[in-house]
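Heads up, the next two complexes both have subunit A, just with different partners, subunit B and then subunit C.
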Partner chain A sequence: MIKMLSVKGVSSGYGKLLAIHDVDINVKKGEVVVLIGANGAGKSTLLRTISGVLRPSKGQIIFQGRKINGYKPHSIVKMGVVQIQEGRGILARMTVKENLEMGAYLRSDKGAIEKDLVQTFEKFPHLKDRLSQNAGTLSGGEQQMLAIGRSLMARPQLLLMDEPSLGLAPVIVEFILETIHDLREKDEYTILLVEQNANQALDVADRGYVLETGRIVIEGKSQELRDNEKVQRAYLGKTIRSREN
Partner chain B sequence: MDYLISVATIAGIYIIMAMSFYLPFMTGQISLGQAGFMAIGAYGSAVCSVKFGIPYVPAILIGGSVAGIVGFFVGIPALRIKGIYLLLLTLGFGEIIRVVFINVEYIGAAAGFPGIPYQDHSLLYSYIMVFILIIFFSRLRKSRMGRAFHAVGSDEDAAEVIGVNITSVKLIAFSTGGFIAGIGGGIFAHYQEYIEPLMFDVMHSVEFIVFTIFGGIQIFWGPMFGAFVLTMIPEFLRVIQEWRMELFGALLIIMMILRPQGVIGLDTIQGLKKVSSRILGRGLS
Partner chain C sequence: MIFQQLINGLMLGANYSLVAIGYTLIFGVLGLLHFAHGEVLMAGAFMGFYIILWTDLPLYITLPLTMIATGALGIIIDLLAIRPLRKDFHLAPLLSTIGVTIILQNLAVKLFGGYGTRFPDAIKDYHFKIGSLFISSINILTLGISIFLMIALYFFISKTKIGKAMRAVSESHLTAGLLGVNVDWIVLLTFGIASALAGASGVMIGLAFHAISPFIGLTFALKGLVVMLLGGLGNVLGAMIGGLILGMAEVLAIVVLPTEINLQDIFSFGIMILILIFRPTGLFGTRITQG
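Moving on, here comes the complex of A and B:
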């Protein structure tokens, strides 16, 4: 498989305070890769560094053979890397339709945009009923669907998803993860996913990395991570479950 | 009649000023320095007419452009700060401009700048500018740039990851706002014939904000309506004139409680459209 994204020795953070140190990760075309880690481990920092919101103080980020660190976020979106922010980052005071249109902000192919809108409604029929509603009035699950739908409107090559299940009811979390699964199976999207829901995230991911206090400590295929005792103890809650048994 | 024309002219100029505040406001930038840009436009165009004999329209355009360029440079530090800090920065800017003008002998210093050629058709020119602004803002609403403005104003971080170049959007909004204020200042100077730095103090910037908040922030008709009504009412109710800042304050508090989006909201426009289409429909059938 073709290497799509590689992060090489990247350190990044906020001002002088580094949140990630010497991080190396790879994402191949067509893969779903998950980043697992506790609060403050640096998962979101890594995503935001890739999308250009933060600049790495060290290291390189290569996307499709091209160095992208140092570019501004809007240029990186144009290259095909689209981030869905933690907390969904929808434009609350704009309507659902306007949000979706904003997703295609950098595109000029009007006809194709219309087609993509129709496809988005097929994926998320909920949104179609709410077109002229303000996005801020949607439920959490609908907002997440809107955020995903909007990111697809940009026709991304690589999707960066920051905790799409945050604060959602279990049924909705399942739906969102199913959507991620479909995006990869049916539409062949490449996705880098940050999740605290390690168990469910490993169900849809091919591979994963575990971040601890800003460093990658474990990496491997989803099954390997599942079998890893340390991962089980820290992120999959196995010991708690065995105590209950 | 003369009196009516004079009030209407001032109202037109204040509509221009309210719009100069509204444009950067759309992108989330609140400026307390619009009177400063107005002063730059007023003095700039006055210098053009008096010292260089440049005709009215180009003089005003030059004044506006100078204000726009200054707006660009004030907009650069404004990119990095938000809310109360931006308010302070722009407040400081407005006062600096005023203090500089008080001390420059070339333009009359504190004594003011007299002898600016009087423009008979100030009323016409101010409403031509208002008309241009109406076209500009209604086009902006439907344009890509307008959507970007709206997105940046709604959530800057979200707009950034969608792919909006927030640096250029905010700079364009801020400097265009400065340009519009400069045009307003130019028309004002050539209507008053005499300008002095005191005419551009910070309380005027506050008034432009009041016009906007009162009139409505969702759509550009709001600040236009606010500026017009709040200029006209105190003129016709002379008693209120002396108490108008107090009145404005009370009005704002009442608005915050009863209708935080301002008098003219999106619902007003939709309602008007419905009513007018019903009337038209009945007329046709």
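Moving on, here comes the complex of A and C:
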């Protein structure tokens, strides 16, 4: 498979305070890759560094053969890397329709944008009923649907999702993860996903990396991570009793 | 009499609105109170003055030229005085804009003298007599131009792609950037638009009051602030309506209240204090619930 994104030896953080150290990750075309880790492990920092919000103090980020670190977020969006922020990043004072239109901000192919809007409503019928409503009035789950729908309006080549299930009811978390699964299976999107909800994230991901205090400590296929004792204990909530038996 | 005063009040108020819209746009995208905004208006008045004096161009060319020039001035202010400080301690840009105020005002005193200058009559002033009313054609014209500019701006920010990007930037620089919006460019554009409106207002104030001085900036800057608070911070529609309300209220205050002392300003700032106490979100402001 074609390598889409590679992060090589990246250290990054806020000012002089580094939150990730010498991180190496790869994402191939068509894959869903998950970053697992506790609060403060540096997962969001890594996503923000890829999307250009933060500048790495060391290392390189290569997207489709091109070095992208050092570019501003809007230029990186133009190259096809679109991030869904943690906390969804909805424009609360703009309508649902305007939010979706902003997703296609860098596109000028009006006809295709209209078609993509229709597709978005097929995926998220809830949004269609609320088009002229201010996005701030939507429920958390609807806002997450809007955030995903909006990011797809940019026709991203690589989608970065920062904790899409954060603060949502279990039934909605399930819907969101199903959506991610469909995005990969039906629409062939490539997704780099950050999740605290490791169990469900590994269900939809092909591979994963475990971050601990800013470093990658374990990496492997989803099944390998599931079988890893350390992952089970720390992130999947399983005790190691099975071994003692 | 009252009706005649209302027209004057609307004309004055429309100029307050134009200043307040500039404040509110800049406050929206940067969360910054741009103190030098009134001086941009003053600069616009003098630019209009010299364009008319030297070139004798008609108003419909003078006005856009002034708007372009003050728009450029606003962009230069952002580039030189605000952008380099933006990432620092957040009061730094505010203090910097006060510095710009001092520089522009003193520059104007040095260049044009510290006294009032008669503004040339760029257009002939007709007085219509309707019944017992005298209505000045200049007042009607400036009111018309102001309202046209406001409607154009409202259309721009609510319907066009770049206008929507401005609103997105005013909600969150981070989100706008991640949607592909070049935030720095939108901030520059906002300074340009806000300053162009202030420049237009400067020319119209010159036309309507027939006199300008290097110190007219402060009065309109303060009134613009009152209007911004009246309309709600960052609320463009609020600033438009708030300006018209304040202009009419001031003129009516002159008619109704005794005139020995300057009650007009006491009245305006009294309104501001009442708004801050009882409706700090402004007349048209709403609490924003974070999603």
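Quick note on the criterion: the second predicted complex is superposed on the first by the 239 of 245 C-alpha atoms of A that agree within 3 Å, B and C clash if a C-alpha of one lies under 4 Å from a C-alpha of the other, contacts with A are read in each partner's own complex, and residues count from 1 in each chain.
We adopt the following convention: a residue touches a chain if its C-beta (ideal position, glycine included) is under 8 Å from a C-beta of that chain, and two chains touch if they have at least 3 such contacts.
This is a predicted model, so every value here is computed, not measured.
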Fit-or-clash call for subunit B and subunit C when the two complexes are aligned on subunit A: clash
Per-residue touch tally on subunit A - higher for subunit B or for subunit C: C
First (subunit B), second (subunit C), both or neither touched by A:Leu138: second
Which of subunit B and subunit C A:Glu101 touches, first, second, both or neither: both
Partner chain in contact with A:Lys16 - subunit B first, subunit C second, else both or neither: neither
Which superposed partner A:Arg93 touches (first subunit B, second subunit C, both, neither): both
Contacts of A:Gln85 with subunit B and subunit C, given as first, second, both or neither: both
Contacts of A:Val53 with subunit B and subunit C, given as first, second, both or neither: both
Subunit B/subunit C common contact set on subunit A: 51, 53, 72-74, 77-78, 82-83, 85, 89-94, 98, 101-103, 105-106, 150, 154
Subunit A residues within the subunit C interface of the complex: 51-53, 72-74, 77-78, 82-83, 85, 88-94, 98, 101-103, 105-106, 135-138, 140, 143, 150, 154
List of subunit C residues in touch with subunit A within their complex: 161, 164-165, 167-168, 171-172, 174-175, 177-183, 288-291
Subunit A to subunit B touching residues, read off their complex: 51, 53, 72-74, 77-78, 82-85, 89-94, 98, 101-103, 105-106, 150, 154
Residue numbers on subunit B that touch subunit A, as the complex places them: 144, 147-148, 150-151, 153-155, 157-167
